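I've put the structures underneath this note.
Two complexes, one shared chain (chain A), two partners (chain B, chain C).
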Partner chain A sequence: MNRITHYLSTGLAWFIGFIWLFPLIYAVWAAIHPSEFATRFSLFAPLTLDNFKEAWNQAPFPRYMINTIAITMIILAGQLVLCTLAAYALARMQFKGRGFMFALILMQLMVVPEILIVENYQTLAGLSLIDTYWGVALPYLASAFGIFLLRQTFKTVPEDLENAARIEGCSLLGIIWKVYVPLAKPTYLAFSLVSISYHWNNFLWPLVVTNTENSRPLTVGMSIFGAPESGVDWSIISAGTLISVGPLLILFLIFQRQFVQSFMQAGIK
Partner chain B sequence: MQLSRQIQAWLLLLPALCLLVAFTHYPVVKTVARSFFGFGVQWEDAASLDNYRYLLEDEVLGQVLYNSFMYAAITVPVSIVLAIAMALWVNSKMRYKGVLRTAYFTPTILPMISVANIWLFFYSPEIGLLNKLLALVGHSGYNWLGDPSLSLYSLMAMTIWKEAGFFMIFYLAALQTIDTNLYHAAAIENASKWTVFRRITFPLLMPTTLFVLVNALLNAFKLVDHLFILTKGGPNNSSNLLLYYIFENAFSFFDTAYAAVLTVVLLVILVVLALLQFGVIEKRVHYR
Partner chain C sequence: MSSFLSVSGLCRYYDGAAAVDNINFEVSEGEFVALLGPSGCGKSTTLKMIAGLEQPDAGDININGKSVLSESPGKRNLSMVFQSYALFPHLSVKENIVFGLKARSVPKAEQKKRLDSAVDMVDLRPHLDKKPGQLSGGQSQRVALARSIVSNAPLCLMDEPLSNLDTKLRADMRSEIRSLQKKLKLTVIYVTHDQVEAMSMADKIILLNKGSIEQAAEPEIFYEKPETTFVASFIGHPPMNLISCEDVQIGVRPEHVSLVDESGLNVVVNESDYQGSETIITTTYQGSIIRAILEGKQSIPSGSSIKVRWEPASEHHFSTKTSKRVDTRPGLLPFQ
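Moving on to the complex of A and B:
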């Protein structure tokens, strides 16, 4: 009896694992075979790379890719700098209203920028930043999540280290850069991976704030490319999908352990 | 000296604070103001409750709210149950469990928009994979996305697929903190696997479950990306969700004022959930 439930349980685990990977497996299948095999399975179907070529020619993927990378990097760089400064102030400096400020910042954990698309669009239109990288990036540059994570980490740094650095004549920024940042490396890695995958995949806000190829990221590009009205066939859509998820997927497979641990670490704190 | 330290602190905080205020607090205040003073894309001189009156008359909203609550009420518990099962499997002594973990986790890092294109193909009525599979057993198939009684459930299935592996991570972290002596003791007592789960594992995972529950609920009101590809809220609003409806009103119907009122509704829901979370965190502390 116990043995049967054991086999059933193992079988179910792999079955669900298969279903969870299936969309990706299917996309690979459809993308590397001619379109008549998109709905027909045959071991001896001829292999081809034409779908990738077609997809590549039908949508400005290089441009989308550059936009996504640029936007993700601007956001990450901004977040790392701004969150570090704010987190240090909240973790290690005494000032009036500190608790209140921290509470004010944490509000963003609940009210994420996606919910406020209507007013944020108006703000950015007022700044004439519609359809620019900065337009996509600005609402995300200060991250309550990042500030929270780094504050928790900075609080664990022994204060003696800071005092020693101060006696050596280190400036405030010097202390942050030479004492706190190196000791918080795992947190930076965790936060960066979470941030990159979030912004690589983000859709709603970029959709609202971009309107040409000049700033449109991959996700928004895919939503136009994949629309049934565009009359593109499944094999080409699959190829396009793989192109759009490729870089992140490769990054994930290489840094798998770090990815999983980062999400874990980011979630527990 | 003390004063300059204060100023330094504010200077460090200022850049982040300005941006947060500009893109979180200011828009919240402006949304509430617009809900009273807005008319279409314009501002009126006097406050009125007209926008709220329209809210009560709006039949679509009733449907949208119902959908949003159903969406949360079904996807969240199903994802959580799956997540616990996945975490237990990946944490067991099974062979190749690393592969399994990757399989479960992969949907989390894929963009919803891109994978929705693949799901669209699974669901499509004539050549779609699901109906082809049903045809094998002699069934004529369903119109997964075009049938108003099915469209919302089809969206839920994809949401669960996307979310379960993400929640698994939290359980995995929690499982690794459970004292293995408890399991040794249970083994001595000859307790069945089910008893061990019910009496040891599940109760000890409770704080994680509460944490995941609240975050999953918050997420459920934000996850609308796949609607843009799969159903666009249709047919006949049968799969429309609140955030998508806000988007439609603001950027398709250009009724900014009504979009503001709807945003207020969403904010109220989120505040209620946040209050719930406060209660939850308190419980967590008590538990420890």
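Moving on to the complex of A and C:
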């Protein structure tokens, strides 16, 4: 009986894994074969790298890549700093209205970001930040999810450690930097992964707020590249997609073990 | 010149209830003072206020004649050893020890010098590169001690540092801490709920109960001349017998009670507790419990009647009304 459930669950896991992986497998297939094989499976189809060359030349990929990396990094850096400070205050400082503040932040998790697009656009236009890195990044600089996650982690740090550091002469920022941050490392790693993959792939907001190559990230660039009016060539689109998801994919494969471990430790599923 | 540390009128309230209620005491330089008391008596709160980790609601704390209330913990020139050891799990033993020196930007050479001498003092040389997770309880406590030693702070606060260790190790560490304190001429405030630690280590004991000082004196005074029934029933193994008798309570230590054949107090044996070198016999006399420590193994069946007595000189008297010691009622023996 046990053995049957074991085989069943293993089989199911493989099946779900295959479904999840299928688009990627198709993209690889389409990208490395001439376009006439894009929707036709033949084991002996000729291999080619022309699609990558074509895609690379048709769109300013290096520029998009730089934009995406810059925007993702600005957001990540802002989130790490702001969430750390907010989480510490919510976890360890006594002030009036702390519980209410935390509830407000949690409530914000329930608001779908898309409904704020118009409002955010107006604000950023007022700040003349349209079509800049900061314009794309600003609405995401603080993350309710990050604050919540770090607050929960900070709460598990024994208070005696903070007391010891205070007696040893650490300032408040020193305590956060030398005691809380190192102890919350798995949480930081897990949160960073979630944040990077979300903002690397974010589409709607950058589409609204960017106008030119100056700040346009990969996702938006890809969509223009693959727009129906320019004629759909699945092989080239697949090649472009692989170019844009490639760095993230390689990063994940390299750090796979650490990521999984830190997710387990941070208690996120 | 006034005393090294003086605490005056110290109060701390939690939700209106006094955790520490008007505490006053003085500590001179190089003295080892134990803050003793049951849990919830306010001893740890007092220590935290001295450290600056908590702010008092009233009162003052002076170190070297200067009020330190407005100073942050790091500026009070003191070190602290925690019950939980409070070692940073992500740092090696070495980094843990010099943590405070780094935070205070002490020069590298000086850091190394202090580290070396402290490590030899507490015998940690083979463990310097380990992480706290790889250490035993005793070793962890040594790291905490070393961290306190390298700070060169003249005042060291210890919050139940030995209560997480097993009995044998605790006894070793007691004498080790005491000799370290003498060697470094440290002033130590040592919080404990264990009377043995207080009696064996301290120059002076301050016994707290419900946020107030019951008695502050040398260990032998605690044993010989307890000021209140609380002190009497807290100190001793087992503690002093208290027998109600009209308007006084008579206190006798179990080790002063002896078994006699005649002209003694008639008591009924409840149980005998054999402990190797001695037997503790619990008896009842008119509703009061009287314990006696007898040498060797004594098996007296429960329920049997025996006679006990003690020397009148080893008797203590406390007023029933105030629970305070009264010395003006000599010769009151419950048996003639």
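Operating definition for what follows: the second predicted complex is superposed on the first by the 236 of 269 C-alpha atoms of A that agree within 3 Å, B and C clash if a C-alpha of one lies under 4 Å from a C-alpha of the other, contacts with A are read in each partner's own complex, and residues count from 1 in each chain.
Please note the rule applied: a residue touches a chain if its C-beta (ideal position, glycine included) is under 8 Å from a C-beta of that chain, and two chains touch if they have at least 3 such contacts.
None of these values were measured; they are calculated from a predicted model.
Bringing the complexes onto one copy of chain A puts chain B beside chain C with no clash.
With both structures placed on the common chain, the touch criterion links A:119 to chain B but leaves chain C unconnected. In the superposed pair of complexes, A:158 makes contact with chain C only, with no contact to chain B. In the superposed model, A:62 makes contact with neither chain B nor chain C. Seen from the CA centre of chain A, the centres of chain B and chain C span an angle of about 100°, rounded to a multiple of 10.
Legend: residue contacts after superposition of the two complexes on their common chain; A:246 is shown touching neither chain B nor chain C. In the superposition on chain A, A:11 contacts neither chain B nor chain C. Shared-chain residue A:167: touches chain C; no touch with chain B.
For chain A, the partner touching the most residues, choosing from chain B and chain C, is B. When the two complexes are overlaid on their common chain A, residue A:110 makes contact with chain B while staying clear of chain C. In the superposition on chain A, A:179 makes contact with chain C only, while chain B stays out of contact range. The gap separating chain B from chain C in the superposed three-chain model is 7 Å, by closest C-alpha atoms.
No residue of chain A lies at the contact with chain B in one complex and also at the contact with chain C in the other.
Interface residues of chain C, counted against chain A in their complex, comprise 48, 51-53, 72-75, 78-80, 82-84, 86, 88-90, 99-100, 103-104, 147, 151.
Those residues of chain B that touch chain A in the shared complex are 5-6, 8-10, 12-13, 15-28, 30-31, 34, 82, 85-86, 89, 94, 99-122, 127, 129, 132, 161, 164-166, 169-170, 172-173, 193, 218, 222, 224-225, 228-229, 243, 246-247, 250-251, 256, 259-260, 263, 266-267, 270-271, 273-274.
Those residues of chain A that touch chain C in the shared complex are 158, 160-161, 163-170, 174, 178-179, 182-183, 185. Per the touch definition, chain A reaches chain B in the complex via residues 2, 5, 9-10, 12-14, 16-21, 23-24, 26-27, 30, 38-39, 82-83, 85-86, 88-90, 93-96, 98, 101, 104-105, 107-108, 110-123, 138-139, 141-142, 144, 147, 172, 197, 200-201, 203-204, 207-208, 218-220, 222-223, 226-228, 234, 237-238, 240-241, 244-245, 248-249, 252-253, 256, 259-260, 263-264, 267-268.
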